[in-house]
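Okay, got some structures for you below.
What follows is chain A paired twice: with chain B in the first complex and chain C in the second.
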Partner chain A sequence: MKHPWLKRLLSLHGLLFLAFVYAPIIIVVVYSFNSHPVNMMVWKDFTFDWYLSIFGNPTKLTEQTLYVESTDQLLSAVKNSLTVAVTTTTFATIVGTATALAIYRYHFKLKPFYQGLLYMPMVMPDIVLGIALLVFFINFGVKLGLMSIIIGHCTFLISYVFVVVSARLAGMDSTLEEASADLGANPWATFRRVTLPQILPGIVGGALLAFIISMDDLVITYFIAGVDSTTLPVFIYGMLRRGVKPEINAIATLMLLFSFAIAALGLYFRRRN
Partner chain B sequence: MATKRDLRSLSTLLTPSTLFLGIFFLGPLAVMIIFSFLEPGVYGGVVWNFYHWNYGRILGWADGEWEDFDPVYIDIFLRSVRLALTNVGITLLVCYPAALWVSGLSARWRTFVVFIITLPFFVSLVVRLFCWVLILRPSGFLSTSLMGLGIISEPIDIIYTETAVLIGMAYILLPFMFLPLYASIEKLDHSLLEASADLGANPFQTFWRVILPCTLPGIAAGAVLVFIPSLGNFIVPDLLGGAKVMMIGNLIEQQFLSARNWPFGSALSVMIMLVMFMLIVFYLRRIGRSEIVR
Partner chain C sequence: MDSIAEVREAVKRFPAPEGGVITALDDISLNIQQGQFMTLLGPSGCGKTTLLRAISGFEDLDSGEVRIAGESVAGVPPYRRPVNTVFQNYALFPHLSVSGNVGYGLDLARVSKTEREQRVGEALERVNLSGFDRRKPAQLSGGQQQRVALARAIINQPKLLLLDEPLSALDRNLRQSMQLELKSLQHDLGICFLFVTHDQEEALTMSDQVVVLDHGRIEQIGPPEELYHQPATRFVAGFIGDGTLFSGTIENGAEDPILVTEDGLRISVGIGPSVGTKATLIIRPEHLNIAPQEPDNSLGILDAVLEQSVFQGATRQYVCKLANGTSISVSVAGSGDEALSNVNPGDPIRLAYRRNTPHLILES
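Right after this comes the complex of A and B.
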């Protein structure tokens, strides 16, 4: 590069960019250990009490035990989130993979229409999909609850799995499948022994993506969750609307850890292949 | 040649997604469009009469009476479009140099830095916005540290302003701009840059005449991917904008959860959907469909 100052300016911008991305997260993590009961942003002492408090241990730092009684609600929200995410991921992964296989392997007249249909849920703004599902469920008398959330999540997660698996299929060596067929394997054996092992990283990647999006979805779930079927993001959103409390810091930090763990798992699977 | 067995396995593989998306994706959209043409009931719910004034109301003509002209909804719609466009501009200005920087790194660092940049975006949206609530509140991190340093004497109130909404929105949508930009910058043919420099262009001329035109598809993809979720967003304006910065998403949420005017809320959603379709069609016509796949 002939212009070192230009390069330095770019590097400076890059570092500021990284700081902008990470600073808010680091601030929350650090201040989740702050024992100041009144102003969360004035550092006082190191404490674990907020973490104990969200699991129902009363803290000595503050008189208000507002959130201690909601520990049950928090845990049930976590349970709901996991139930929804696991069910949705399983269903969306199977259906999305089947669809990707069909689109990859066969040529038929309606194919462009199908691809369009599959991309649509991904570009549809969350609020539109959430409203549409709400109106649909109410109009047809479907009770809002875990089932409605699961159905709602599947409508767009099938597409995400489809895209990830399709990308993997596109990079697959198709001569192996032909060889397997030539050697007398039936289609099922070819699929199980040749195709599946090759696209497995794509399927795992798609499943992890679906899981993390389902765990995180706020807008669509917000509209179609029933009273007793709150998920974790909706629960935290509700807490935030009522006011900011130190306990939310601790919950946020735990959720951060969880998300990073899933992302690391995804990276591990990608690296291994 | 499609044999009978091919046809059977094709239909087996496609039936689940066809049924599911047909019923639970296209079905709800159809119901929503129908609702947007129904008369709102007095106590919530709908009356099954054709009623097109839900759309009239968005434009200001409630029930078609000129006397009732009220541009409040147009204002909200225009504000949403303005904020979404501003957000596209901000993310573009922030991400473009960053993407240039990353593409100039060595191969090993590049993969690592892209991973580092995308990692926080696996974190829950509500957690990421909570971070900004903590920073921007009058008793938040920014105010407290600036006062601690003696730069300001009174707490500054950034939260519940358009600035706060823009910061939050840019923060949560950064990767949707960064990744397409990075993808197109990385594909750039470096011999073109050398040719440009050899022919006597200075770095700015090279940027304007070579780099920018070549990465236009990435810019367009990023702009569409940021604009669509910005326009209908209601979480960010709700947490960081309060009642002062109302966007179309908040208006829709209100119609469903407090005002109980479902047909009007549906009509607003249909408007957002139309804007989205227009953008996508325009994008596909001009840039081609290959770029939209992430």
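Right after this comes the complex of A and C.
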């Protein structure tokens, strides 16, 4: 870099980019502590009331604004979201990992075609998948509810796990498995002692990704959720339609914290290996 | 002597990527005796690694069989064969410590904890790596990783240890000291080593028997001295050691027979071959000397022009050109021949060799 001002310009560019990405998020976090009851974009005072309110503790501020929807509804949406995410993640991780292992190990006709089919759900528009699933469930008489959401999420989350585990398998030295067999390990012992520890970071990474996407999904879930099976994103969307309420900021901040925790967990696993 | 492993008429073909078929093993038969250090030597693609994998069980033969300790191992999976392998890239388990790697075979056999510790300690001591047991493979140098791979492979006390170009990733100095260490390790353990390499120097240094392979066929089996001094084929002569090959037909000379090459070079050879035989003569640099003023009858003479004189430490090499343009090297011990001290590049010189020394390969 010849000119110092060029260097400064580059730094400025970097800062502007970061601001572009993170400013809206920071604003949401800051205003979740704003005590202005009507216009949440006008700063008044610092308060924890919105957080207290979403956990069902009425305060002077929230009583006065009467914005709070039923806390039971919110908590039930969170519970639904967690149920769906945990079930889907477990299933998608097992099936996705098994599929990745099968594709890695065996050579068969139409393998590239089959691989392509596995990548497809990742690029398919959510809205198409949502409509397709809805039509499918209705035609086959599947009752819309938590089960239909779980099945729907699995259809595309298996692909995500498959892709992440496949990448890890592709980077694994295949002679490790041969070395294990050479030293007397039968196929099961080789899998347990060599293959599994080698691809574990991929499996954990795929599972965390599936969990986050499942927790976060609005479009597909919106189509296939039943009346009594609202998930958190669907619940928030419903709240927004009846006006933007200050609690939204608090809920968004908590979800953000949760995502950071998941990402940190993922990083920790990657570091450890 | 007992036969430890035997390969009988092994054939293995692969589909070639560009269509057609590659014959990796073409009717290979060999026998490894108790306590032997045998080397499979050949250029890349000669089938040596395929042969090793057929013995370790990672490759099935199309026909023929592998016998270990007298029994056919057809259909026996690698994990039930009494052989162990040192892999070319070492294939150490990155998630296990040195101790975890070396003790892997013992853990599978559910050896008791005290015995495991003792045997891992012994194996590490054998390869001079005591005290490294807690390290991870990534924290070791290439040479140390090599030793861990070796310790891991010998801890099960296999009947036969297979080594797939284990030294190729090491630098030259380390490679040479490892060659001697491997040789003495093999002697101490008393187990058979089957060693794969494309490096002829490595093969000559370590082996009791060398198997030279080319295009899936065995060119020659024998001790290193035999391969060097009496190569059976042109390929072996060219692959092992330095030297110049002359191909031609035997004709009658004034005293001894003469080999006449296609481009008319006449080289006298020792007694033996009958007139009209097609043959190849191999003249190695140490066979040649500067011809004395009045050569006696036992010497063959070659007229040449000096091209270059190269100092090589213990020897000096003179690169010369014969009348037909063939280049030939002369190696002289010490710092050089006095008779040559005032011969400059471009000057003619006469080279002499004992007629019976260079080996003659007769074509049938």
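By our rule, the second predicted complex is superposed on the first by the 258 of 273 C-alpha atoms of A that agree within 3 Å, B and C clash if a C-alpha of one lies under 4 Å from a C-alpha of the other, contacts with A are read in each partner's own complex, and residues count from 1 in each chain.
Definition applied: a residue touches a chain if its C-beta (ideal position, glycine included) is under 8 Å from a C-beta of that chain, and two chains touch if they have at least 3 such contacts.
All of these numbers come straight from a predicted model, not from anything done at the bench.
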Three-chain arrangement built on chain A, chain B and chain C clash or fit: fit
Vertex chain A, arms to chain B and chain C (CA centres, degrees, nearest 10): 90
So, does A:Asn139 touch the first partner chain B, the second partner chain C, both, or neither? first
Is A:Phe260 touching anything from chain B or chain C once the two structures are fitted on A? First, second, both or neither. first
Does the superposition put A:Leu240 against chain B (first), chain C (second), both, or neither? first
Once chain A of both complexes is superposed, is A:Pro197 in touch with chain B (first), chain C (second), both, or neither? second
Could you say whether A:Tyr268 touches chain B, chain C, both of them, or neither, answering first, second, both or neither? neither
Tell me the contact category for A:Leu101 with respect to chain B and chain C: first, second, both or neither. first
Considering only touches as defined above, state whether A:Asn186 meets chain B (first), chain C (second), both or neither. second
Which superposed partner A:Trp5 touches (first chain B, second chain C, both, neither): neither
Contacts of A:Phe46 with chain B and chain C, given as first, second, both or neither: neither
Going by the touch definition up top, name the partner, chain B or chain C, that contacts more of chain A. B
The superposition places the nearest Cα atoms of chain B and chain C at a distance, in Å, of 8
Footprint overlap on chain A, comparing chain B with chain C: none
Residues of chain B touching chain A in their complex? 2, 5-6, 9-10, 12-14, 16-17, 20-21, 24-29, 31-32, 35, 94-95, 97-98, 100-102, 104, 113, 115-117, 119-120, 122-135, 137, 139-141, 144-145, 171, 174, 197, 203, 228-229, 231-235, 238-239, 249, 252-253, 256, 262, 265-266, 269, 272-273, 276, 280, 292-294
Taking the complex as given, what residues does chain A use to touch chain C? 173, 175-176, 178-186, 189, 193-194, 197-198, 273
Chain A-touching residues of chain C, taken from the complex the two chains share: 56-58, 77-80, 83-85, 87, 89, 91-95, 104-105, 107-109, 152-153, 156
Considering the complex alone, what residue numbers of chain A touch chain B? 1-3, 6-7, 10-11, 13-14, 17-18, 20-22, 24-25, 27-28, 31, 39-42, 94-96, 98-99, 101-102, 105-106, 108, 114, 117-121, 123-129, 131-136, 139, 151-152, 154-155, 158, 162-163, 167, 187, 212, 215-216, 218-219, 223, 232-233, 236-237, 240-241, 244, 248-249, 252, 255-256, 259-260, 262-263, 267
